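We just call them A, B and C in the order they show up, numbering each chain from 1.
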Amino acid sequence: MASVTLKNVFKRYGDNLVVRDISLEIEDGDFVVLVGPSGCGKSTTLRMIAGLEDISEGTLSIGSRVVNDVSPRDRDVAMVFQSYALYPHMTVEENISFGLKLRKMPAAEITKRVGEAATVLGITDLLSRKPKQLSGGQRQRVAMGRAIVRQPAVFLFDEPLSNLDAKLRVQMRAEIAKLYQRLKTTTVYVTHDQTEAMTLAKHIVVMSGGIVQQVGAPLDLYRAPANTFVAGFIGSPAMNFFEVEVSDGRLKGRGVDLPIPPRFSGSLPAQLTLGVRPEHFRTGGGAGTVRMRVDVLEPLGAIVNALCDVEGVSVTATLEPDTRVTVGEHITLGVDLEHVHLFDRASTRAVAGAPRAAA
Amino acid sequence: MKLGSFAAAAAVITLVFALLAFAQSEGDLRAHADTSALLVARAVAWTYAEEQAGDPDGRTQRLLEALPGELPAVKSALVLKGNKIVAHSAPDQAGRSLSQDSLSDKALYDSAQAVKASASKNVEERERDPSLKQDPYPEVEIASLPGGAVAASAPVRNDEDRVVGLARVEMAEPLPTLPYPALIVLIGLIAMAIFLFFARRSIAVPAGVVLLLFIAVADVWALSGFRFGLRRSVTLATAQNLGALARAGVLPPDVSRRPALIGALGRDAHGRMYPIELVDVRPVDRAMTRSATLALGAIPGGERFEAGDHEAWFVESSFEAAYDRDFSDLSRWAFLSGMVAIGLFVMGARGRIHAFWSAFTSNRTAYGYLAPAMVGMGILVFVPVVFGIVLGFTDRRYNVFEFAGLSNYVAILSDFDFTSTKNFYFKLGVTFLWTGANVMLHVGIGLFIALLLNDEMLRAKGIYRVLLVVPWAIPNYITALIWKGMFHKQFGAVNFFLDAVGLEPVAWFGSFWPAFMTNVATNTWLGFPFMMVVSLGALSSIPNDLYEAAFVDGASRWQRFKDITLPLLMPALVPAVIMGTVWTFNMFNIIYLVSGGAPDGATDILITDAFRWAFERDKYGYAAAYSTIIFLILLFFTLLTNKVTGATKGAFE
Amino acid sequence: MSGSVPSTATTSTKGERALKHAFLAAFTVAVLYPVAWVVKMALSPSQGFDASAIPIPTNPSLDNFRHVLFELPFGRWLLNSAIVSIAATALGVFLACTSAYALSRFRFPGRTAAMLSFLVTQMFPGVLMMIPLYIIMDYLHLLDQLLGLILVYSATAIPFCVWMLKGYFDTIPKELEEAALMDGASPALVFWKIMLPLSLPAVAVTALFSFMTAWNEYILAAQFMGEAHYTLPVGLKMMVGEFSSEWGHFAAGAILVSIPVVLLFFALQKNLVGGLTAGGVKG
């Protein structure tokens, strides 16, 4: 168990700067999820921690040791790959015990550890099979087993659930969460799926374009996104954005005319982006309302997502399941001004307002 | 930028010259060894002929026994007449008959027969075309033995000028070792180059300029001196051997027919030396040899001997001493190291050192993995090839390599007499025909059999597959010899079959088309299994669903084959066909061993012809140019097919 | 059932199968005829040709074999060939493996040039290299030394082997190696325990090709080796001279020489298809 610290880390491929100036402090026992769209540098960062990529600039420390030039085998980390990377010519048992055998562990100890890991993951009766005889979910467990038996200081997960079907993904997500509860090992997890991030992480690191956009607990990111990117990335369905300007003491934009939310009392930049989450639209009006035309309805049972159009801008609103609304209809929805967000349009940074009351 | 390119070009030219110098000096040494051995062989043959013409008094045997003492380089010498060794430098061997069981005896007998055959062919040729300047078929045989020794064989003629036997001499010239002074200079130059590599730019540039100047001077001086030096040393040694022969009282009178020798002596019945007419001696050579002196026992003193319009020079000094005085080695190494130093200097002056070094260290694992193979291939494949290409620009006349520029290429490519079977374009046509026929047959048969075998319900298909691979497994030179036997006119199996069926037996090696077919049949036999295996593999990787879908869509057997099987086979077949084409184009063994180019070289393809030019007609430069042309044809072909099919593009990812 | 199955590309009707068997059997017999002929010659005591095309010897005897094995230095030739072929195969395949691994897994300046050079050297006509090779080998004092042949054979085998092996290595996912690295394997162990076991078909095929090339090579061996170091092809060729031939002995020798390679072929032929299609023959 150890902490992982990155200080001003850069990664360059030729002239291409893939990771820029990342500094992260991951505490001992933390579960940190690196999340972001494809190409944002999260996998590269993970691989730098693993030792599979060289660090162009900056320092990486595991525990108190600077490990920039330490090879992966000496970093005491274990990794679960997206494609599981099981050795096809070895049985499950051999796969799991490979790393232990390399470290010259006594056979009795190996058998004990393999048995324990197999029990925890429920793969004990698969031990003598070869990977090609296993299903996707089973293979994923074997990959995790291989990482667990090493009892490393840090677990690294590289999009482990991306290759599974939806139902299995939900199942395995729970398994990973349970495993973490049990072992409490420092974990760094990479995914592009914000749902995984929200459900598994103690802390989320949102990345885009090689830069850290924001670090924080899941709900903190949800409630107080630092910029439009994080705001639009976290939360599903995604936040709606409107381009507005302050005019006559109100926020005005295309199809939008709202009072300035009371939280934002100070001076505001001239050009703003207004962010409203789909769940913060209300039927029944209110202090601020927006008129929109319903294009598509997605009845999901517990809620109804209405994909609407506000003068050319696509807007999603989440409504109660029994809301009476039809496609093509024009409706007027109220906006919960307590929970909207304002961002400086040029810098995309959030405008700070007075802290909210607990939502 | 301009300076860099200029320096790079200069470096390349320097390297080429260095290689040429290298080739030339090696060639000279070898040529010298050949000439000496041949001279001695001819001397022996002439002596024997003289002895037989008069009263056989055993002088040939005495000469042979004395030779190893007079000329230490001689290892053995013999005269073969018919089936019997009539004289031998080892007395216990003299007088014995050749034995059927000894392989070396068999080889000797074959040599004698070959020389005899060549001689009679030459007679025919000269009768046909009296204006012939050179004998088209070599009447002497020079074979290299391992360790630098040379075995020279010359024909023994009787007084009707018919070849009745063979005189064979084995000589081993001691090859020189690297002169130490040159080594020291070389190390010094390399050390300087390394210093430049790491020095700061401010030092590197002026130091580099100094080094460049030094090398330029050294090179110019060496260039002007080395050819003389080499020519001199070779001549010295040749003349020394001649002198030794003269001492032994024997010199072939027809030595003057061979150009580029300086001089020769004869001794008449009264023991007086007499000179032999010189041909093709150039002024510069005379100037060189005048500086040396010598005495040959009882010859009245003085450097030059004249009688009438004949002149001869005597020269002295041991072979090794001459070589030590020679600067050719130094020039060689100066060239090479100069090239290296220039290259490094250019890099240093342009400030690329750091980039190069960091690229090197950051990839050192990769380079480490790659290095052993590259070094091995560098020495044993690349250098010989470059060497070979350089050889193509030289011309080996009997004695020396000479820079010949593009004359070899011109000679090969500008001969437009298409009807002659010796013509390059004719052979090109034959080669294309050969390659095309073979590849089509290989693919046709291989694919056909593979399609038959690609049947889940066919029992015993495993057995067929294994058995049909056998032709590929058998060594191809064995296959060639077997098929050659099968096509034998009188005793071959093929003619027996024809006879059994009632057809006329064919003289397979008598004319072009039958001979060509023997080659194609043999190569097809051993070539189709490869295509069969590749096709089988590719066929088995086509998913069945495609056929089922097509079947449901209503496609017929033929349509399924045309639209599914064939297109999906292409990715695997195309590279195999390309490889097969290159292999067939260069398939030496079959042509050489089955038809042997019969009749009269007509079925020779380019590569066997190149071989013959090198090893049977002794024109190494010509053969090297020939081979380079072959290589360029293939290179062009590969690049072309790559562009069209993109076949190897994936492999470059 | 069999009659109602439609013939697709991989199934056939009974009638079709019968036809196929007839054709294939006849074809196989025709193809193997020369082999039978050689066997007949080997077992017939005369040295000329037998006046019949039937491949059955009239008075079979092992005389030819006896002569070849005991009266000619066959044992020495065999030893020389074996040493040279095995060593050249081991060396060539090893060097090719490491090079192919580097070309497959690493990206570095000069990589394309290296791959191009491996491709292009396969096209050199051997004749072009023979004279310069002779001179170089002489300089290195490797003429008439088995080591010289070994080095030349492995060097000439490398390009083809690298090409095939690299293609095969490319199909192995890089994550497997990364997982092994994470598990604690050193790069060398990754190569030995992961890459190689998974590449066995391709390695087997390249080893087979290298061995065959070395075992069957005639010209270079004839030029470079003296009598004490003759390999099997050179010895065999001497029996069929230009003007005098001993066909019986030659046939016996040919059979003895071919057996090892044919056996090797059979042993590895399962891998032949896999190695060829996934490797260099890949489109």
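The criterion applied here is as follows: contacts are C-beta pairs under 8 Å (C-beta built on N, C-alpha and C of every residue); 3 or more make two chains touch, one makes a residue touch a chain.
Worth saying up front: this structure is predicted, and the values here are computed from it rather than measured.
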item	value
Central chain (by mean CA position)	C
By count of C-beta pairs in contact, the leading pair of chains	B-C
Whole-Å gap between the CA centroids of chain A and chain C	56
Centroid distance [mean C-alpha coordinates] between chain C and chain B, Å	25
Inter-centroid spacing, chain B versus chain A (mean Cα positions, whole Å)	69
Residues of chain B defined as touching chain C within the complex	26, 30, 101, 103-104, 106-107, 109-110, 113-114, 144-148, 175, 359, 363, 365-367, 369-370, 372-374, 376-377, 379-385, 387-389, 391, 449, 452-458, 460, 464-479, 481-483, 485-486, 488, 490-493, 496-497, 500, 525, 533-534, 536-542, 544, 547-548, 551, 557, 560-561, 564-565, 570-572, 574-576, 579, 582, 586, 588-589, 607, 610-611, 614, 620, 623-624, 627-628, 630-631, 634-635, 638, 647-648, 650-653
Contact footprint of chain B on chain C as seen in their complex	2, 6-12, 17, 20-21, 23-24, 27-28, 31-35, 37-38, 41, 48-53, 71-72, 95-96, 98-99, 101-103, 106, 108-109, 111-112, 114-115, 117, 119-136, 138, 143-144, 151-152, 154-156, 158-159, 162-163, 166-167, 170, 187, 212, 215-216, 218-219, 223-227, 233, 235-244, 247, 250, 254, 257-258, 261-262, 265-266, 269, 272-274, 276-277, 280-283
Interfacial residue positions of chain C with respect to chain A in the complex	173, 175-176, 178-186, 189, 194, 197-198
In the complex, chain A residues that touch chain C	50-52, 71-73, 77-79, 81-83, 85-89, 98-99, 102-103, 146, 150
